[in-house]
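Take a look at the structures listed below.
Paired with chain B in one complex and with chain C in the other, chain A is shared by the two complexes that follow.
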Partner chain A sequence: MKSSNRRSRRAAVAVALGSVLALTATACGDSGSGSAGDKGSEGSGKGTITFWDNNGGVRTDVWKEIIADFEKQNPDIKVKYVGVPAASVQSKYDTAIQGGGLPDVGGVGTAMLAEIAAQGALEPLDSRLAKSSLNGRLNEKFLDSVKSAGGDGKTYSVPTSANNGTLWYRTDLFSAAKLDPPTTWTKFYAAAGELTDQAKNRFGYTIRGGEGSIAQALDAMYGQSGITSFWNGDKTTVNDPENVAALEKYVGLYKKDTPSADVNNDFTKMVAQWDSGTIGMLSHNLGSYADHEKALSGKFKGIPNPTLDDGTRVQVSNPVDGLGLFKSGKNKSAAWKFIEFAASHEANSKWNESAGQVPANNEAAQDAWVQASEPTKLAAEALNGASTKIVQLPYYLPDWNTISKADNEPNFQKVLLGKMTAKEFLDTLADQIDKAQADWKKHH
Partner chain B sequence: MAQAAAVAKPPAPPRRRRASATPRRLPYLLIAPAALLMLGFIAYPVLSVFYYSLQNYNPTKPWRNGFAGLGNFTQAFAHDPQFWDTLTFSAKWVVAEVGLQLLFGLALALIVNQSFAGRALGRALVFSPWAVSGVLTSAIWVLLYNSQTGITRYLADAGIGSYGTSWLSDTSTVFPAAVVADLWRGVPFFAILILADLQSVSKDLYEAAEVDGAGRLKQFWHITLPHLKDAIVLATLLRAVWEFNNVDLLYTLTGGGPAGETTTLPLYIANTSVDAHNFGYASALTTVAFVILLFCSIVYLRLSKFGGETK
Partner chain C sequence: MITEIAPAAEPVVSEPARPGKRRRAWDEAPRWQIYLPLGIYLLFTLIPFYWILLFALRPAGSTSLVPWPVTFDHFRKVWTERSFGTYFTNSVYVGVSTLVLTTVVALAGGYALARFDFRLKRGFMLALLCSQFVPGALLLVPLFQIFARLQMINSLGSVIIAETVFQLPLSMILISGFIRNVPYSLEEAAWVDGCNRLTAFRIVVLPLLRPGLIAVGSFAFVHAWNHFLFALMFLSDQSKQTIPVGLNTLMSSDSVDLGALAAGGIIAAVPVVIVFAFIQKWLITGFSAGAVKG
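Then we have the complex of A and B:
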């Protein structure tokens, strides 16, 4: 009896342990059979299409309005809306590309365009755009960004909106301290120091040390060094001595004029911390405008990144958001109608007004709300103005996301914590970028 | 005559073959659906991971895909310091978490096994963190460690420490801070399992021990602990595997930082596959993790003589 009990206990533990261990081994699988190769078809132009919003939750309401307008105008087409949170949209696309279930239309920003296009999931849209009513009505700079990000010169998404790096600052704190708005880097550093009083829980700036830190650090670095190109021949300029000096100055703010907790700051924590009311300045894009308005209405302003003392503004390219048509779709003509509608004047204006971003449709960019919303207006001027030099980040490299996130975000934290120098960090980054560029060039 | 023939007819052979065939097949038929599901949802993915561990496979760089042999494993063992760093951290995390959870779980189980007023409420409070979802647990601890709303803010208000700090952003405090957060969730698991086993210890044993003059410590050492041995071994083993695979809490609390200080091997695997799309290498790392866990589990079961009779 005891022996039987012993056996059954052993069997039980073997089953339990086996299951748990097996789940360990299933942690990283890939079916390998892709649906990205499906050719799809034009379809009848009627019926139901599926649309994945790449910022589900945040932009759900405005998309539902646009979809309702579209369905009213096209009663034969129904759009099934699927809101995918921004943080998980890349993996959701990757899973669907491998395992099936891609939508007909999906929101695709330039930051992920190369990876999705490289997997053969998106349809090139050049010929459709040439015949479309959108032809000539979309911002040329945004179209260039989309083409450049695709990796092979083709247009894989219809641009709908652009974001821009914005320096948000507290007008009430600046007035109380009798400080000029931080329009230049010199004024920015002076204000960061003036507004800091750690004993009273006041800090001049909050730095992004966690997820998403690299793009922001590069923005500040190129903005101060004044270097206007990411490449010098086949070598990146990220570790140019002037960039090293600029980064050293920027990370010197950490703990001196920023909370030490910033080392783990992702966008959510950083924005929440600034909105809590004790910090003078925050660098983020236009997307957080609504959050600031709720928490600090009337006490803040947003301006494009500071300029050099001579008025030159250098900034890195921000991702351009757009809509992609998936190759595997079975009703591409209906899907294309939806894309055309969403990028048209009225719908594009509605979406961007809700998001506070810069419209890709030229007519929408002239609408009254753009002029009335100061951060958006200034961002649009900065993006389109001749005095702004934009350093184009290599979104077309399939390795770019890995290099600028998983590979180097921990290293940037080491720089903040004094465990790595800015030069070591930038040399490592440059080496990885140069290798990725060489590999990409070899195969394109 | 006809009657005689009828009498002489041997009895019909028993229909054993037909009668026994169905019961023999029945267990297999009954387990077939479960077996098929297991094959589909466990065996296939496991074999798929083993297969991809021998491949270079990155869907965003198809020109590099192909058979890698043992290249991914060589890369991990010989050229990837992050693999060793994250494996070492995982081991430290498992030892600290499982050891402390066992200690506190055992203590709480012994306390709530006593008779006292409000015992039911006490038990409910002890077990309640286990009922809270992982997402909520993470959210609670993120707020508790937040520099503006959390513990350090209130300490700074009281003149202890500085404003703008968080225990999760300091490399010297992030490990204990994360351990405490996970302890809160993990201790009830041990307490529940141990309490269930405690209730099956015969009262006669304690009475006899008391008659023999054994104190409470001796009773615990010679009666309670041997009785709990199998429950402790099983709980420890399962929890060790779960803690090794822990991704959610650490990911939410620290994202593996600062500076990679809290990146476990599974978190590194997740980054390698989900962010970097390097499924071949991530599969090799997963295979290594599987083999390590399997080896440790077998050694642990052997050493602890699980299921053996206690003297």
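Then we have the complex of A and C:
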């Protein structure tokens, strides 16, 4: 028995040692650095900086190319790329703001800018921009969006691109039915009805009823009502009677001219359904162009949102993507160099061509690929054109994301299913927005 | 006077149900009554898997309902271009380490709970149960700060420790249930034969715990394999990320490569399916044994 005792002890010691060694071997990480309270420093302008891509994965390749170009031009600076899944980037930033480990540079869209800026994590960039070669070279409207989203009029990110709501339509189905392109709302509704044949599983339109439904519904609603401002004094216009009527008409498409499964559509399901089925039209943004091209090459086109019959186009603002400089960074001068490079003509053009979005750099917006890519060109014209009125959504409200997603997406599904009226839905939404605005005004 | 004493009535012993009879009743049932519901259930379960296979194996842009011509481009793409080879290795490392640590620590803790009486034992059990109600997301910031102080952010060790800690309460409770099912007299007999407690445990108890260990170990592995949150938050280096994070990066905010996503999903699912295929026999035994006495 003595020998078995010894064996047991040896086994126990081996397990303990193994565990310790396994953990020691893996414990070669770093402490992470910088939470929201850290002031950071300018640093030497050399060394390694960390960059968090807020849309990691699909855009990884183009970012790696841009980083390689940057490192070639700045051999003293190394950029550590971290691709963060788009759906989780907000929580990753929030955790790092509270716990430490923020990057030097991070991708920050206007939809999340207010929340991050409100926690004091981002450095205002106005004075750096004024002295930069980028000064005067960035789209003014995008800069205005960024300033508005920051909440206090300061520029917390350098805009790099803008997305735009796009109505994708099947040219083959439109030609076969001898229909005009859906350039106006009247033509849109007519085409939705004409292209629907439920017995053959053909539909005119696919509506977004799941995650992300609110922004799309607001886009369609303001587009039809022609109301051009989100605010009427301190009260929102979302529940204006004209908006209620517009939403009722839009929601009326559900099940009549759309598949019934649309009530659960997030963008993934909606795009997959459109790409693989027989559906006439889809409202999404420029980002799904590559997916459509793979599935429906030569059989589709993308145009900005339909206009009113008098040619006026009203659309809600789309998030402008940009790069933020984090206050806690220990090498801000190197980080700023990287931001300047990424927003410069060549790099910005390269990124946007890959993503199919509208460049924030004015010179990049003139490049040949923009002119050749019809959806991007039309989106750029719509964003910059005088005939387009843009309703600025209140991205600056820290509660905007919660209100426009978790709080009201289930209610929109109830509207689709006929369990709630459009008016009740919009009144609830308006009430929450007005309260959030009043609360925000108290602190600003 | 002769009193007749009636013979005592024989106790009525109900005849044990003969399994043969029941089997015959089943045998007599028309086959379709068995196979139709099973077939419908199987279809319901397998159609989503078929769609994943379809998207993974058919060329991009194809709308065919059969994966023909078959292409492995999506697998090649995620494995090489999207670094799934690296993510896979990291996930195996995290999964296996969590399995080993959880099983070893749960075994020790479970033994103590099953065999020793100590003060506040009930309170401790209650605390273990209550810890199951705390969502991981709630502890992210404190855990992040702890690992940052230990210089363990961006290290697989942080994920392994966090996963192990979250797996331990349930594992300890399960293992203690399995140990209680092993008669104490077996250990006592081993002591009489000269074993000390540890040897008796190793020689007598441990072999009887195999189903329980497999149940607890496989649960720990599968949970660590699939868990997304800790890997996302504690690991920032691309070369250290795990499969669930990799899968999420295949979905951008406005575009999804469904072929790559389906291929990535299959790569993520294969190890779990293999693990369950090998251990299902012990797993069922393990859970039913643990359920007898808690």
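For this structure, a couple of remarks:
Please note the rule applied: the second predicted complex is superposed on the first by the 410 of 444 C-alpha atoms of A that agree within 3 Å, B and C clash if a C-alpha of one lies under 4 Å from a C-alpha of the other, contacts with A are read in each partner's own complex, and residues count from 1 in each chain.
Following the convention adopted for this analysis, contacts are C-beta pairs under 8 Å (C-beta built on N, C-alpha and C of every residue); 3 or more make two chains touch, one makes a residue touch a chain.
Quantities reported herein were computed from a predicted structural model and do not represent experimental measurements.
Shared-chain residue A:57: touches chain C; no touch with chain B. Judged by the touch definition given at the top, the superposed model places A:276 against both chain B and chain C.
In the superposition on chain A, A:388 contacts neither chain B nor chain C.
After overlaying the two complexes on the shared chain, residue contacts for A:333 are found with neither chain B nor chain C. Once the two complexes are laid over each other on the shared chain, residue contacts for A:414 go to chain B alone; chain C is not touched.
When the two structures are aligned on the shared chain, A:119 is found in touch with chain B, with no touch to chain C.
Contact with both chain B and chain C is seen for A:98 once the two complexes are overlaid on the shared chain.
When the shared chain is aligned, no partner comes close enough to touch A:186: not chain B, not chain C.
By the touch criterion stated above, A:86 is placed in contact with chain C alone, chain B being left untouched. Overlap of the chain B and chain C contact sets on chain A: residues 7, 9, 19, 22-32, 91, 98, 272, 276. Interface of chain B with chain A (complex): residues 42, 45-46, 48-50, 52, 57-63, 146-149, 153, 156, 162-166, 168-171, 230, 234, 237-238, 241-242, 244-245, 254-260, 263, 266, 269-279, 282-283, 285-287, 289-290, 293-294, 297, 301, 306-309. Remark: chain A residues 2, 6-7, 9-10, 13, 16-17, 19-32, 34, 91, 94, 97-98, 114-115, 118-119, 198-201, 203, 209-211, 258-264, 266, 269, 272-273, 276, 278, 398-399, 401-402, 405-407, 409-411, 413-414, 416-417, 419, 439, 443 touch chain B in the complex.
Note for the complex: chain C touches chain A at residues 60-61, 63, 81-82, 93, 97, 100-101, 104, 137, 140-142, 144-145, 147-158, 160-161, 193-196, 198-199, 202-203, 228, 232-233, 236-238, 245, 248-258. Chain A makes touch with chain C in their complex at residues 1, 4-5, 7-9, 11-12, 15, 18-19, 22-32, 50, 52, 55-61, 80-88, 91-92, 95-96, 98-101, 103, 163, 267-268, 271-272, 276, 284-288, 290-291, 294-297.
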